[in-house]
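Below you'll find a set of structures to go through.
Both complexes below contain chain A, partnered by chain B and then by chain C.
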Partner chain A sequence: MKSETILRWGVRFYIGVFFLYLFTPLIIMGIATFNDSRFPTVSPWKGATMKWFGVLAEDGAMWDALLTSVIVAIGVLLVAVPIGVCCALFLSTVQGRGKSFLYSLMMSPLLTPGVIVGISTLIFWKGLSVNGGIVLTVIAQTTFIAAYVMLMILARLQRFDRTLEQAAQSLGATPWQTFRRVLLPYLKPAIISAAVIAFLQSFENYNTTLFVKGYDTTLTVYIASKVRTGLTPAVNALGLVMIVATVLLAIVYEVKKRRESRVVKL
Partner chain B sequence: MDSSVHLDNVVMRFGHFTAVQKTDLKIESGEFFSFLGPSGCGKTTILNMISGFLDPTEGAVHIGGRNMREVPANKRPTSMIFQNLALFPLMTVAENIEFGLEVRGVKKAERKKASDRLLELVALQGSGKKKVSELSGGQKQRIAIARALAVEPQVLLLDEPLSALDLKLRQHMRAELKEIQRKTGITFIYITHDQGEALTMSDRVAVMSAGKLQQVADPITLYREPATAFAASFVGENNGLKGTIKSVDNGLAVIDCGALGVFPGKAVGALSVGEQATLFIRPEQLSLDQQDHPAKIAARIEEINFEGSYLTLNARTDCSRDLAVQISSEQYTEALVPGAQTTLSFRPEDAVVIAGGDHV
Partner chain C sequence: MFKQLAGRFGGGLAAGIIAMIAVWLLGMVILPQLLMVDYSFRPNLLPAELGGPKDTYSLINYETLFNNSIHLSIFFKTIWSSVLVTLLTLVVSYPLAYYLAKVATPRQAALCILLLIIPFWINEILRTFSWYIILAYKGPLNALLLALGMIDRPVRFLSGDGGVMIGMVYAYILFMIFPLYNAIESLDINQIKAARNLGAGWIRTHYRVIIPHAKPGIATGCIMTFMLAAGSYAVPALLGSPGSRWFTQIIYNWFFEGGNWNQGAAYAFLLLILCIGFIALIMKVFKVGLGDIAK
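Here is the complex of A and B:
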């Protein structure tokens, strides 16, 4: 009994430390937004202010970078998700050498350092007279984000009951109808999660993007470049806005999901 | 409409493994036909060849007189009920039933009419809007039947569909399946390892073992006149006594079972003197202390089980061979106690002698 109690408290302690470790930087960053100091810091505290939100609103270059990031992320999502889904479907149906070849091919960009993916993409496309920019950024990021998508879809496919496909066929459905009415609805949650992950992976990417961005600076690259010239708490303001937006979205999603699962139970 | 199924010398091989040996079989229009055998005997492979999920290595499947080679599963006039039922979990009950019509482009109103009619047929009126997960095992079973019938197949294929149900429900569903088959007149091809299911529902049963058809017959013939040692031991309870053929005369074979004795029995197929064979005698054909029967075995009663209308006994011969005996309750006397000596006997025409039988 006693060792169990110790274990329980140990786990609680660990979880507490874990969350502290996870959230303390975010909290400090958030508080620093309101510090009337030229530097993004909480000490010394120079008095509360809201002015960094104003500075943020007026920083045109940063809004451009944010827009670029969103465009790139949507582009990656639109390209990487179909590729990842197709590869996963293909891998789940074929056997033998072709299978392991495709799997290794898809996984290798994921295991390659992002810098190398960026540089090699640039060199390759330069040879074809394609210069850095939004298009090349989408291409470079897709090479490894498609692999994430594939892994997520594969995981869901592994639990798919293949007799459902046979049942659909036996009822007269063509392969396309079987896919659209049986397999696709089953994969839908995984596809949505994969799309979200693809978007976020693209949005936060720095090391690959740095080499292929051309003149189209993304948000991460912009913030990093500002580190050299001197960051102001306007960056913290941006961070805070994003955190609040993310949390709100997560809450909306959770509430919606709970409501749906309650309907199913009835 | 001709909805017969003809397996025209089909063979199915997977690499070096022959799952189904050369089989030629005709299943009649409107027949309730079962394939009965232990798991791995090739019966599911046969079903998959009829449904179109597998193409036979040799030979062809004809349905309604039409060669089905090159006809994919979704274009065949068959529909299948799967062992795990394979209901679409993300669709409602009505959507499941209407699926086959939907993919054929049938209008919504007509589909609704069809699903309502089928729900009535399987006695689940008004459950169309339910989710599949809200149904009980027996209800799911009936929805699977309704879904398969919705496409108005000529042939319905059933792959052990009752195996997941509990005993009581299984017995109930047997009667229901038989009733649906009678109402619709569709050819039913039923796969099972449960001889009770095969015998109670089928017009004819094909007993299979190791990819080979052992016997195709109606249930009564199958029970009374097994054609192979496998059929004799797999269908129903049977006592198999191995021995050597001593003589064959006028349909009656005499078999020497060593220490047990020498017995006469009906000869099945061609038997030759000196051949290894097995004498099969059903538990209910063995009588206790009937002196006028020519075949007698002395034994001691080991165990008595009262089953209601009948009793099952376990009797051990002098050479330690256990025999199952079944007698009706009226034959029970106080003298029947464990340890009592008795003489088991049978009429030669009630026993069969079949060549082989090593696996008995």
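Here is the complex of A and C:
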């Protein structure tokens, strides 16, 4: 029994260290925002300041990059969500040979390094005389984000009771009405979740975007370029704002998801 | 297949579904990849020379790699370091995944998972940037180690592969934890109890009962982590130095500094083959199929 107690405390200690490891870097980055130093650091501490938020707010290139990111993310959401939904509907309906091959093919963008998705898109569209830019970024990101959407929708479809469709049809609904009135409302929460994830995946993408961005700059690319050249704590201020925004969004999303799963269980 | 779709959704919608899938799979997944491979076997020519006598298939772009000892050593270093990152991530993640799945109360587990998800939502660039601050020559880690008297002078963490690997473990750890957690969670706790009652020690229980059950999760986690590590551009670009370049950076240079896309395509295809090879190897070693991975 004694070794068991040691083990238990060992595990607790490990969990503590692990979460410390997970959050310390983010906390240090946040704290460095308020250090009155030209370079982002917490050691040595040169006194507290809020000026880096001001510097950030006046950074026109940053606002441009933010706008580009939002445009790209909305574009990806509008293209990738319908594609992902179609794939999920297809996979949940058809049976027979070729299905597992198609499934592997649909999964393959998730198992391909992001740089390769970017490169292949760049080469393919160059042949059609389309150069890097916002449009190509949307296309390249959609390539793999559609697969994420597919998995999320598929997970919900697998719990769908197909007898509901049969009931609708025997009551005289056309296939379209059945889809519109029965299946689509059932899928709605999953579609919303998938849209949120698609937006975020697009917003934070770097490896793929780097190859297809052309002369346009997304916020992630902008931050990376700032880290390498012209690094000031204004980057931390931007990071802190983004972290606070994401954490709030994440909490809202998770709480909502949990409430929904509770409703489903009832 | 169309019949099945049309039976459920009607002809119009079924045609729309097929069209959307075709556009995606052909226009974004298959054809671009094929064209990239095609590109890699062609020489880098001026636009006027395309289709001319010089425009023939050859292995010349692949020979470049094998004749360039620096690129070749970076290629192998990328493989080796990515394997190391994968193993390190697995070792760090396993105890936590086990704790979450089998030791923690549902309430504790839910809280831990929420805490795990939060950094996962944050941009990879920002997470990597935070390590840039910590590992800097005059950064807090060096200050702490100096204050504790563990080192005499600051360490240059950011000048070797060490910093890159630390950053990668941090950036990709959740891609390991969640598959592991899902796999271990599905194991019946009675099997662990039975092993314990029959006299198996903790190590034996893990080795003979839990790990075999968690195989698909281990395989998925390893595949995802390796693929992300080998294909990472952000982490080595931020935490590395000119002396610790990653293969992806060489590829990038062929495209945007060397201006030789054909050469870049050949290197990219090699990276893709490497990842496919790793996936095939893991699936063989762990005896799992692609269907298990998607879970």
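Here is the rule we use: the second predicted complex is superposed on the first by the 224 of 266 C-alpha atoms of A that agree within 3 Å, B and C clash if a C-alpha of one lies under 4 Å from a C-alpha of the other, contacts with A are read in each partner's own complex, and residues count from 1 in each chain.
Definition applied: contacts are C-beta pairs under 8 Å (C-beta built on N, C-alpha and C of every residue); 3 or more make two chains touch, one makes a residue touch a chain.
The shown structure was predicted, so the numbers you read here are calculated from the model rather than taken from an experiment.
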item: Clash or fit (per the criteria above) of chain B with chain C on chain A; value: fit
item: Partner chain(s) touched by A:Thr174 [first = chain B, second = chain C, both, neither]; value: both
item: Contacts of A:Ser108 with chain B and chain C, given as first, second, both or neither; value: second
item: Contacts of A:Thr232 with chain B and chain C, given as first, second, both or neither; value: neither
item: Cα-centre angle that chain B and chain C span when viewed from chain A, reported as a multiple of 10 degrees; value: 100
item: Contacts of A:Phe124 with chain B and chain C, given as first, second, both or neither; value: second
item: First, second, both or neither for A:Gln201, with chain B first and chain C second; value: neither
item: Chain B or chain C, by number of chain A residues touched; value: C
item: Which superposed partner A:Thr163 touches (first chain B, second chain C, both, neither); value: first
item: First, second, both or neither for A:Gln141, with chain B first and chain C second; value: neither
item: Where chain B and chain C come nearest after superposition, their Cα distance in Å; value: 10
item: Contact residues of chain A, present in both the chain B and the chain C interface; value: 174
item: Residue numbers on chain C that touch chain A, as the complex places them; value: 1, 4-10, 12-13, 16-18, 20-21, 23-25, 28-33, 35-36, 39, 92, 95-96, 99, 103, 112, 114-119, 121-127, 129-134, 136, 138-140, 143, 170, 202, 223, 227-228, 230-234, 237-238, 248, 251-252, 255, 261, 264-265, 268, 271-272, 275, 279, 290-291, 293-294
item: Residues of chain B defined as touching chain A within the complex; value: 51-53, 72-75, 78-80, 82, 84, 86-88, 90, 99-100, 102-104, 131, 133, 147-148, 150-151, 157
item: Contact footprint of chain B on chain A as seen in their complex; value: 161, 163-164, 166-174, 177, 181-182, 185-186, 264
item: Partner chain C, residues of chain A touching it in the complex; value: 7, 11, 14-15, 18-19, 21-26, 28-29, 32, 40-44, 82-83, 86-87, 89-90, 93-96, 98-100, 102-109, 111-116, 119-124, 126-127, 139, 142-143, 146, 151, 165, 174-176, 179, 200, 203-204, 206-207, 210-211, 220, 223-224, 227-228, 235-236, 239, 242-243, 246-247, 249-251, 254
